[in-house]
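What follows is a pair of complexes built around chain A, which joins chain B in one and chain C in the other.
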Partner chain A sequence: MTATTERQAIGKPLPKPDAWLKATGTAVYAGDVRLPGMLEGKILRSPHPHARIVSIDASAAAAMPGVYAVATGDDVGATRIGRFIRDRHALARERVRYVGEPVAAVAAIDEETAERALQLINVAYDPLPAVFEPEEAIAPDAPILHPDLPSYQDSARSTREGNVRNRVRHDVGDVDVAFAEPDVVVHETTYRTPRQSQAFTEPHAAVAQIDGTGKVTVWASIKAPFRGRVSIADTLGVPVSHVRLIAPAIGGDFGGKGAAFIEPIAAVLARKARRPVRLTLSRVEEFSAMTSRPSAVIRLRMAVRHDGTLVAMDASMVYNVGAVDDTQAGTANSAVSLVGAYHIPNVRVEATSVYTNCSPAGHVRAPSGPQTSFATESHLDRLARMIGMDPLELRERNALRNGDVVPSGHGILQNSGLDECLKRARAWMARELGSKRPHQGIGTAVSFWALHPNPAAVDSAATVKVDVDGSVAVLTGVADQGGGQWSMVGQVASEVLGVPVEQVSVIAADTEATPYEQGTGGSNTTYRVGNVVRQAAEEARRQVLRLAAEQLKVDEEELDLRDGNVRVRSDPSRQLSVAQVAQGALASPAGAIIGTSGEAREREIREHGHERADIVDAPSFACHVAVASVDPETGVTSVDRYYTVQDVGRALNLLNCTGQIEGGVIFGLGYALTEEIQSDNGINLNANLWEYLLPTAPHVPELTVELVEIPSTFGPFGAKGVGETPCIPVAAAVANAIDDALGVRATQVPLTPERVLAAIREQRPELLENRA
Partner chain B sequence: MTKMPISLTLNEHATTLEVEPYWTLQRLLRDEIDLTGTKEGCRTGNCGVCTVIVDGAAVKSCLMLAPQIDGTNVVTIEGLARDNGLDPLQRAFVEYGAIQCGYCSPGFIMAAKAFLDENRHPTRDDIASALEGNLCRCTGYVKIFEAVEAAAQAGGA
Partner chain C sequence: MRPFDYAAPATMTEATQLLRDVAAAPLGGGTDLLPLMKDGLVEPSRLVDLRRLPGLESIEPVAGGLRLGALVTLDRIESDDAIRTGFRLLAEAASAASSPQLRNMGTLGGNLCQRPRCWYFRGGYRCFRAGGDACYAVGGENEYLAILGGDPCYIVHPSDVGPALIALDAQIALQGPDGRRFVQAEDFFVGVKESLTRETVLEPGEIVTHVELPAQPSGARGTYLKAMDRGAWSFALAAVAAQLALDGGIVRDARIVLGGVAPTPWRCPAAEQALVGATLSGTTAALAAARAVEGAQPMSRNAYKVDLARGLVERALARLMPDRGSG
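Moving on, here comes the complex of A and B:
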């Protein structure tokens, strides 16, 4: 393919094939699966934040007409489950650790019967002392949530002790010497960030079916079916091959559908009832008992020289990961992401995550990004103000450059689009922003996502088949939670094979029928899955060209493959359709055309003289600008305009790229202004959609999205991750705009009217005194 | 409890059903007659994924009881496409990228349909306030506005 060749599919604003199903109400989500004899499941949850289960008497419930199964902790295997650390059972055994922990479950003929049966289950609890704040939890006499914690299995090395889930230190240079430099300006503040719910519109759902041989099939809203099946198998005490997990359409994930919670319970019920069981969660259960972004307290001290050179960062972060931690390494590995997109020679960060008797922590879009970004990007603005420098200039001066070692230790930065993003943001501001209205301010913030693009293991595979009618089928384990992964897969195969995208079907996310895939997320799916699909398609393409060359009696190099046809370049009248080639293949010793790929990318990276862990090949940078107005009398902040420029490497699908970014910004705006799970003694108080406030249509500011395309070397067609980056810096950009408007710094997210007003009262009381 | 007979026009078909008095319209549609295009997100009227059209007005089917639709004309997402193809709104939602996970889409399309039937030339602010009761966590709403604007134009042509 030459650079001038018109593309088959890449880079076009293509509608997603599954969107047609979704627009007509015919897409099937897990909760839409209907099977003959299907029962309804319900979960009985703990009313206590911490208690010993003395006994469970479920006899009355089990005897109720219409009840087919009652399950308790006795029905689940002793093996603990969990996404990263195995710290729970699908149904509690011996002890409950948070309000809402599943204790028992019922399968009945309908929902009402199941609800009534739950009420007949008698659980005797012996309440234990509980802790809700990390400070209490690490006190010497605190009740310990997980006495066996040191023996738990974790996916990565972690430092665990008492209620400390993990503690990570990141040390570079000599911080003490740097702070003692004679000419530096030092600033210290403590930042606080809330628990945020993923708040996808589709609550979790699972339908489990068991066949006569004991094999279980589960349809579930889970974006990582190969991971989820392990939890189901461990809970049932069967090999993973006895579990088939299928992820149909998923109604949003944002990190919250990456691990099995209800799926093993549905499977246990189906096995006991010997009938299919559907389990769907209520919105209250979603908010009160499922995972959320862990809250954080971040104490941050930084030093800058008068010329704008950052010299030191000293920080401690504490995360509250609740009673069950579904985050990677307890989020404490985010110590490094506090350094952000900058080169800082002296750094000392300690991050601690702590178990408490609150509802579980888990991943939420850009895990740890918004917390650390709020602290660092807020702090940079204050430092800039203190030395009288333009905030964007301070960032420019200290920005990571190609060739720098990224603070995360993930290797050497290459293909950075940061400079370009900063330049474009500056140009937009100069062009678009005139004089400010009273009480209006402009805030900027930079976003950097590079934690995951280079995972440390081979994690994906694909198979590409060319059918006798010229159509193509791609088998991939990847789930599509709304991010457009399936259409990306189809586009990549279409592009490589020169077959119209409408003729590519994607068979996906079925642990029995499709190849292994670690799970969607971390903005690395396009990079990872796109690559293996590309390689599998290239293998199929080579077969097509070889067979066509034989039939047309020309060299393979002579051939052009596009629009479903193989043509001889010098004489386009000599051609074969891909269908003819595929038919010919079946009649030849070559057999069916099938391309596969597993570790081809590893080879490719090594051939370029790299180890995967040495380079940050697809760093995702963005620069955000918020224009916000603050009413100094009420503290109400409204965002008037919002601008973001993001480097996407290569926009495989323009509509998808801008859609991800727009959605990410509004997600971030919710975090910045309204979203916060509030709790009292471990009970989540605003566990509903009228008190947990999400952005709605009228909240959308005038939003401008620009793309920069600095290609990655190894991503498919140069693509980089897109989805996490846009939600990360929004809270900081808004806080910086508030500061610019009124000269007050609000240090706690969400930036509610109460908090902004408190900041005004404390920092600029004259603004209130002046009022009429 | 004893079931009640109701008759209605459902997606242009005269229909007679037996319903429990406590069933919501949502429960009736999704779980009793398997019209699963109408979604469920909260059951409290706060997300809009269950929106259908009853006698020309967008309603949240989780807030309406099944017996209340006796004698009405109900349109769900399954009934929106006509013989000659998809409704312009459905087409626009697909073509403008207003659909990501799609769980909110049927509700948005039905809410927008009822709105556009009454408002031929809406401004973006009109659209935003008409859709205030529908949540979308994926798109940030921008492409939904664009889709509704495009459908309004297509409809007015």
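Moving on, here comes the complex of A and C:
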């Protein structure tokens, strides 16, 4: 690692290069791609939550002038696709399992023609009994959605039976003995959380083209192109190398663009039509037929001693994953994320995810985080009140410390910033918060996102080229879904190679032109991709220095590389520009300067590999404080001020870091207060932006973001993940503030006037009776 | 979307002529009509744009009151000085509606004639409102729907302006193929007993041309309060328009109208009676608030609206108490 103290790019508040493109309307998104002869695709969707497809007659649609192709389940391979479990086909075969499931698709000269053609497709359905709630779905006589479930391919081991998609148990210590301890205070509540949409700005779009040799190229809003191409290849029945997937600018993902849904359909249409096809979804399709955060019902019982020591947690939680489960084994990490940031010696958690005839579940920013955090962080507050302890103190007492084994059992915690976050939150509250107004409350909650993988177990690589004018190009498979990944890549290369960041270009997210990459997400992209870019850039840097040393006739150690120039330290007048070195390289036996990550990566992993396998190197902790006012007459909650302090390891880009945290808090406020996909018999009712209520500018409270920088050992420049941690604890912080304000506990998110009023009526009816 | 003609007549005669066609629809700001057309919920074959008609965009004083053209935008109502000083309740109601962009486009007439927001109706269900023979909300997701005046259809009227006009005792001027007529704002909206598919008394081809706000009695003061899931850019969970005439602390006249709780703006005579002649105090406010929601028949998920509406009425009255200094 470069040991310069004055940084070229790292840590600076650099604006994202793509911000210019977006602000000027020149960024190219998948839906902007236009090819000669391109057709428009449209999808016919199931009106039934559960039905057998008896027959499809598409002859009239196919005969319509302007229609080039009609595709149905017969046109997709028998191989099921899916991000984790393969539980679906791109177009339904034999059976539909949710309202909105794609049944057929049309490619036509324009959208209107395609739309009209859809109406001519005659599908005969034989409706089947449907189930919408997990309780109904696990009843003995419930209709089974996926009769062949046990034979489905899954990415990890899972327990599947009937409509149970997966069941996970997490067992530590002896819970029953702990609850029977004489002097403990026990509290039990059931928490409910809603389905949340990713609600990104850009609806899904894909443009597919198949050339004369059968080579498939797809431009798509997908943040994991190397994963997405597998679904396209399997649907078409071709090897993955025949599919080239390119992810241009993406207008937001929040977890919803990690898997292929429409891309295989576009490709099937392009193959049938022998013309390029564009498919773009409407907002209604996004809300009604695409993935959302699964709803959860969490029954939680905990025991605490009077001195504030947590002794036991016993919980069961049920996720409704809809008819298609695009989440990581549904609940695999839920069982442990429920334990949160604490050391609890006795834990028994059972997490079950259940198929129902609702729209699909998928990843949404911090999968499982907000659900489990709402339960645990709400519960801790109540426990604190019950034993008369300050809620923050209860958290401090039980916080995980360096050296503890994290609840997941994945390893030993190191580089923890939790203590520092708690300390800063306390200081902020003492300094900034005066006396509370009537009906105003303060709520705190802690966030922990620990899923940073062992770098050896993930797939990323990078290549760095130095051009003859001294500019640098980085080739990486990583997609930028708006989180600033590409600007991070540029900054890391700039830093290592000592060239200004404006002279670094990033060629990315093209499965054919760039190295393999598992996909953006999990808040580990910087940690993982940043590292391989660093390694490739370091390799290129070595080449630059070696060639410069030869030309300048000095030892490499005597050289300094900065601002695009290589200088002799003892005599800075002796220097070469990187451009001169790169030109020289072409004429040298070494040839052009190209650094790759492979060797350095292997070397580093071998050196530290064992150590890395059992540590949590880059834990991401944050502490949030919500100051909220609750109107006891209307149940309306407004968040007046919001504070968050987060340990980011090292802020590679100050603007991006605080931007991610601010955005995450606002995302969390939507979840806390207004966002919920509501449905009736599997039909999503508020499938639009006037009924699905996202926070807007006037709903953002005064927001204070503080950063703590306790570096990770192995992340690039000490970086840790940032993006998911800030949305996790918001709902609990707000619920805790409501409790502090009125002494009522709302246990269902979002905390709407309806629910807050119901909680008041149930717990403090006198507030409703003695007013005015 | 079905293809349609577009006409922008310059005279009222021309406009009424064009609107004779049963499949024609008047167009104000288009903020409700165009989305309805895109969703296939209404399919006019002709749009008659009212924005070129003379005189419909003005706000004029008349006999101590004001005359507002139907094409005046909500944004202007919110910011007009004469309205803010003499009819503050209306300015407050307009500013509580939708968002700044929508208020820049949305017109007074269009706001009164906008279609209900029940998600079954808007979602394309063949419900009563859509000419079908069922209400899906009764056994379904009814959290946003009516607690008063429903049965068999439980829509709530979405307008914030409507309750305010009733509280101000406004008159609405209509122009149809057979001439002009005036209706009281209160009579402009029709309940589910009168019609399941219309929300206003407008006959085919008839349009709203003006709204007349009469001079208010001395000591008049009013306010509009609205509760929402999201603090802006959303429809009322419940709202109240309260207009009182006070003489010292004594209520001489009272008009209390709820929004967001019934298929029409919901006037509350029992609450008004509880106030008139009484001294405005916490006790009378609480009594009036309780009266306002008398007879409410909540469904499975909307009982909270009873508490909510009651709380809003009480708060509105508290706001109007003389020592609170609002007017």
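FYI, the second predicted complex is superposed on the first by the 747 of 772 C-alpha atoms of A that agree within 3 Å, B and C clash if a C-alpha of one lies under 4 Å from a C-alpha of the other, contacts with A are read in each partner's own complex, and residues count from 1 in each chain.
Just so it is clear, contacts are C-beta pairs under 8 Å (C-beta built on N, C-alpha and C of every residue); 3 or more make two chains touch, one makes a residue touch a chain.
If you're wondering where the values come from, they're calculated on a predicted model, not measured in any experiment.
Visitor: Looking at the overlay, what does A:678 touch: chain B (first), chain C (second), both, or neither?
Guide: second
Visitor: State whether A:247 touches chain B only (first), chain C only (second), both chains, or neither.
Guide: After superposition on chain A, A:247 lies in contact with neither partner.
Visitor: Can A:690 be said to touch chain B (first), chain C (second), both, or neither?
Guide: Both partners, chain B and chain C.
Visitor: Applying the document's definition of touch, where does A:31 land relative to chain B and chain C: first, second, both, or neither?
Guide: Touch status of A:31: first partner only.
Visitor: Under the stated touch criterion, which partner chain does A:582 make contact with: chain B (first), chain C (second), both, or neither?
Guide: After superposition on chain A, A:582 lies in contact with neither partner.
Visitor: Should A:698 be classified as contacting the first partner (chain B), the second (chain C), both, or neither?
Guide: It touches chain B and chain C both.
Visitor: Taking the superposition as given, does A:220 touch the first partner, chain B, the second, chain C, both, or neither?
Guide: In the superposition, A:220 contacts neither chain B nor chain C.
Visitor: Go through the superposed model and pick first if A:18 touches only chain B, second if only chain C, both, or neither.
Guide: first
Visitor: Tell me which of chain B and chain C touches more residues of chain A.
Guide: Between chain B and chain C, the winner on chain A residue contacts is B.
Visitor: What residues on chain A does chain C touch that chain B touches too?
Guide: Comparing the two interfaces on chain A, one with chain B and one with chain C, the shared residues are 690, 695-696, 698.
Visitor: Give every residue of chain A touching chain C within the complex, in rising order.
Guide: Per the stated touch rule, the residues are 631-636, 638, 673-674, 678-680, 683, 685-687, 690-691, 693, 695-696, 698-699, 752-754, 757-758, 761, 768, 771-772.
Visitor: Taking the touch rule as given, give the residues of chain C at its contact with chain A in the complex, in rising order.
Guide: Per the stated touch rule, the residues are 99, 117, 119-120, 123, 136, 140-141, 143, 227-234, 237, 282-283, 285-286, 289, 301-302, 304, 307-308, 311-312, 314-315, 317-318.
Visitor: Can you check the complex and tell me which residues of chain A touch chain B?
Guide: Per the touch definition, chain A meets chain B at residues 13, 15-16, 18-29, 31-32, 34, 198-203, 249-254, 280, 282-283, 481-484, 655-656, 658-660, 662-667, 688-690, 694-698, 700, 703.
Visitor: Can you check the complex and tell me which residues of chain B touch chain A?
Guide: For this pair, the touching residues of chain B are 30, 34-44, 46-47, 49, 76-78, 80-81, 86, 90-91, 93-97, 99-106, 109, 125, 127-129, 131-145.
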